[in-house]
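Both complexes shown next keep chain A, but they swap its partner, so chain B is in the first and chain C is in the second.
On to the complex of A and B.
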């Protein structure tokens, strides 16, 4: 057994494991223990932040699969979140559907939308593809707005907290565990896809599409599959978002939200699941950081009303800074730190990937 | 040679024409590749050698003519389908997936042979795990064959160009092809790397019997290794036959060295 021997690998199965060594296993248990006690130690504010990060991480992982691995740019992410949220809202209002109906329904709607709006990717790429996915955003936002107006929910749809196995989800602590499970589940699913045939095909398409095709990869099918899986996961995140907020309104799903998700992928680090998590945390916590910084810095009070403007501007600057100076994102910084401590105290050449 | 002629046909190109707009690239090209044959496709720059490979693997679509493989018509099929039928190729510039490890590159080459569904993969079911291990084992054998085992977990980008071209060779072999198309495998390699390459080509020929169409510029290498030469000039068939005869053919020399009229000789 590997656990009783050294860390030498004796079977190919060991290369497929996420957790192989004892140290890694201990670290995982420590992390799980920390995550389990976190909601009981954290203040209300910190718990809410954690919930927001966990929720965003589901969408970020989904977009990372599509953009960071399969190489297909999408600006339709907010539209997909809205589609999931409205599916939940409409089914709840019209049919009083429970969560175990609305969640799969959102996934199905997301999959259909992903398939439809993935079709342009067979002909377009890069910026052109991004613009075509933008259509998704506006169509969903329009339909959502129409529904709100026609049914007289002009200020939004209020949704009751969901009931899971007779347990009403209404406390932040309960939500924490649900969102943690959702995030961990999405992460595991994505990691599994990436260590098998489909994930390798996506990365191959990202790198050299024509070569992948000549090697027997059905490129159109895999592109569409990436769109379908990513969209389906995102719509489920939208559904959770609706229940989490208890409220659905088109105003929540702006184009800026799409850009924030793209920012998570870029700032976190393209082509890395850890990057999706780091990016989600960074983008969610960033405005709070700015607010905090403006509160403690000696800034004239007449400027304090401009916190949103400063927030947007700083966000833009950080995006540009990452694109220019750290294209590998937070993961790139993390890997460099790892390298540094692995080699310490010896001086090292910077390893380029 | 008589034995070669009796070998069954692996791949046939029949009266093939390829045009881009008004530009005629290939004209009335017919070629037969026999089982176990190492056929070198030579010709001056721009003769259309790579275009022939691109037609076979579906990247280009010929305007007329047919390509038959295993009783199937290849013209009009998509590249990935042709690859799945068992036609693998290498690329002149390697064209490796730089961001993936050597192992992952080969596993992409094996894509068409791995039988897993996306739902099983998402859960990484027992069956998927078994498939991954099974194909890993096969890919390791191929890596061992091209002597790149030590580099299995290295990112492709960290390998030298010569190693990348060998890895490209391995990636094509990972498909377990029935026909192998080599696009200038020796281009950009030094003498040592070429000798290694020659050894691998001969080992494939003798150990697996996979028929190969080999586009090449190194005449010495071609003369020493191949069973038969097929010469293209300006997209047209010039001649074919045993290497020594073809390379001393005045028509071939004229094609390579320019318009000097050697016909009289």
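On to the complex of A and C.
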């Protein structure tokens, strides 16, 4: 809340609150009500889109914690999703494990991978770290492919819909509420982590490592913690992804998926949880937008068979545009709009966070 | 013997690609993750010129190479120039975005099917026997020769020519270099141009050898571990790293499991990152600078 609007906090406990004005509370209730009735109003298509956005938002929040807040780059996000998905798939196929076994198992695998691939972060910074996470991606993809090939599931592993409290999750509406809960849970967890000592330590590491260390932050431990938390959240998202699709195949986890997650963080806006949500929505909906645009715009007919290529090209363009012209991402635009209305009729000043 | 030839061919593919990574990184500290796509663009450029200059194959290759060079310079001036001063990560992400854009555009222009630029040029990729029973295709031989020529050319260029020395100076300390009157923009653009030029040549020769498809990008990505193992800012390192990665890959394919070929370079990369992250020949302080 920009203080130039005349709203000031007068108590410390106001600083601790998630929601501090009446308007915000009303907006939240409205949002919750809308989210609750959405699946009953939406068409099948819209519901599926919402599910995809919610699923992606879990991974996006996890990556935002790591990249946007702790400042550690990762290009191996798809590998972690794959690790979660394959943990679920393998446990289901080999031991017929129920979802309340596979989900924690995915989280554990994710945590172990996060620890392993976070270790280089103690010695490496920036680019080199990105490269080691890139290696993670290829190694997990290889292991997954190897399992598929060796066990004869060369086209992928089929997973039955999970059963939660004797209730089979097979309708899009049921999934909507599960994914909404997962997304909201992740969001709350992340928001609370960021308000805690851990979150402050991450921000300090992000801004300047030497200073963080001088302030008594255990830099290696907190870096690893960021990796572990982010990876296990991502692996859980991967597990949900496997159940949601009912199908695990290594082909789903390409390098492009990693780049899409990174794009969510950039397009949404670094260092903001709202940004992660906006970015997830943007990236998930983007291909549908392109398809829609291609249907109404006059384009060469031979392109219509290559939607994915148009998609690639447009995605690249959008990423470049955001990097060049709006490094703060969608959140930056959102803040500016907010400021404009808060300060109207006065001219807005460009405010940094 | 055949194994040795295979290793040599693969290593020179990686080496020819990785000198592009090294050039850009050494001069401007940007990791160009779109290099695979630039390589692909060079190969498709040859395809385009092959159909219009079909009668003069050498002219086609020449024009395609110059086009590759110009693409690099253009990318620098249109895009990467604006990323100076931004965080290193932003620049790298920008190259990734360029890569995706190029991949999309190339698929839109030329389609996803397999092309054979060699046949369009009217050349035959004959198989030559060397050292008794081992055989090597003409294009692969061309590749080895091209790698040797490129590397010796680059070594001489960096050591003796005016621009080469300016490039090294810009890489060592851009501020001082600028103070001495070196035009950084020109030097950076030259580095980008040379990188896409060598990458483009690699792409053309690979396409001549085994046909051209959009999957050629993965080769560019696999050359990256080779660069890093040698040290990101060392040309000699790139050569040695390519040999190591190439050897490991060929041996693993021959004796263990062909599926490992895609992942082997990254395993080696990871081991390297843990024990000696600056690479075999890289500068140690680099790590702290990034």
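Criterion: the second predicted complex is superposed on the first by the 339 of 353 C-alpha atoms of A that agree within 3 Å, B and C clash if a C-alpha of one lies under 4 Å from a C-alpha of the other, contacts with A are read in each partner's own complex, and residues count from 1 in each chain.
What we mean here is this: a contact is a pair of C-beta atoms (placed from the backbone, for glycine too) under 8 Å apart; a residue touches a chain by one contact, two chains touch by 3 or more.
Everything numeric in this text was worked out from a predicted model, so none of it was measured.
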Worksheet entry | Touching partner for A:73 - first (chain B), second (chain C), both, neither | second
Item to complete: Would you mind checking which one, chain B or chain C, touches more residues on chain A?
Response: C
Discussion item. Touch test for A:193: chain B only (first), chain C only (second), both, or neither?
Written reply: first
Fill in: Which of chain B and chain C A:149 touches, first, second, both or neither
second
Worksheet item: Should A:130 be classified as contacting the first partner (chain B), the second (chain C), both, or neither?
Response: second
Practice prompt. Quick one: classify A:118 as touching chain B (first), chain C (second), both or neither.
Written response: neither
Practice prompt. Look at A:279 in the shared chain and tell me whether it touches chain B only, chain C only, both, or neither; answer first, second, both or neither.
Written response: neither
Worksheet item: When the two structures are overlaid on chain A, which partner does A:329 contact: first (chain B), second (chain C), both, or neither?
Response: neither
Item to complete: Name the contact category of A:256: first (chain B only), second (chain C only), both, or neither.
Response: second
Worksheet item: Which partner does A:306 reach: the first (chain B), the second (chain C), both, or neither?
Response: second
Worksheet item: Given the complex with chain C, which residues does chain A contribute to the contact?
Response: 73, 119-120, 123-128, 130-132, 134-135, 138-139, 141-142, 145-146, 149, 255-256, 259, 262, 266, 303, 306, 308-317, 319-320, 323-324, 327
Worksheet, complete the sentence: As the complex stands, chain C meets chain A at residues 31, 79, 82-83, 86, 88-90, 92-94, 96-105, 107-108, 111-112, 221, 224-225, 228, 259-260, 262-263, 266-267, 269-270, 273-274, 277, 287-288, 290
Worksheet entry | Touching residues (chain side chain A, partner chain B) in the complex | 12-13, 15-16, 189, 192-193, 195-201, 203-204, 206-208, 210-219, 225, 229, 271, 353
Worksheet, complete the sentence: chain A partner, complex, touching residues on chain B are 57-59, 78-80, 83-84, 88-89, 91, 95, 97-100, 104, 107-109, 111-112, 114, 116, 118, 121-124, 128-129, 132-133, 136-137, 140, 155, 157, 171-172, 175
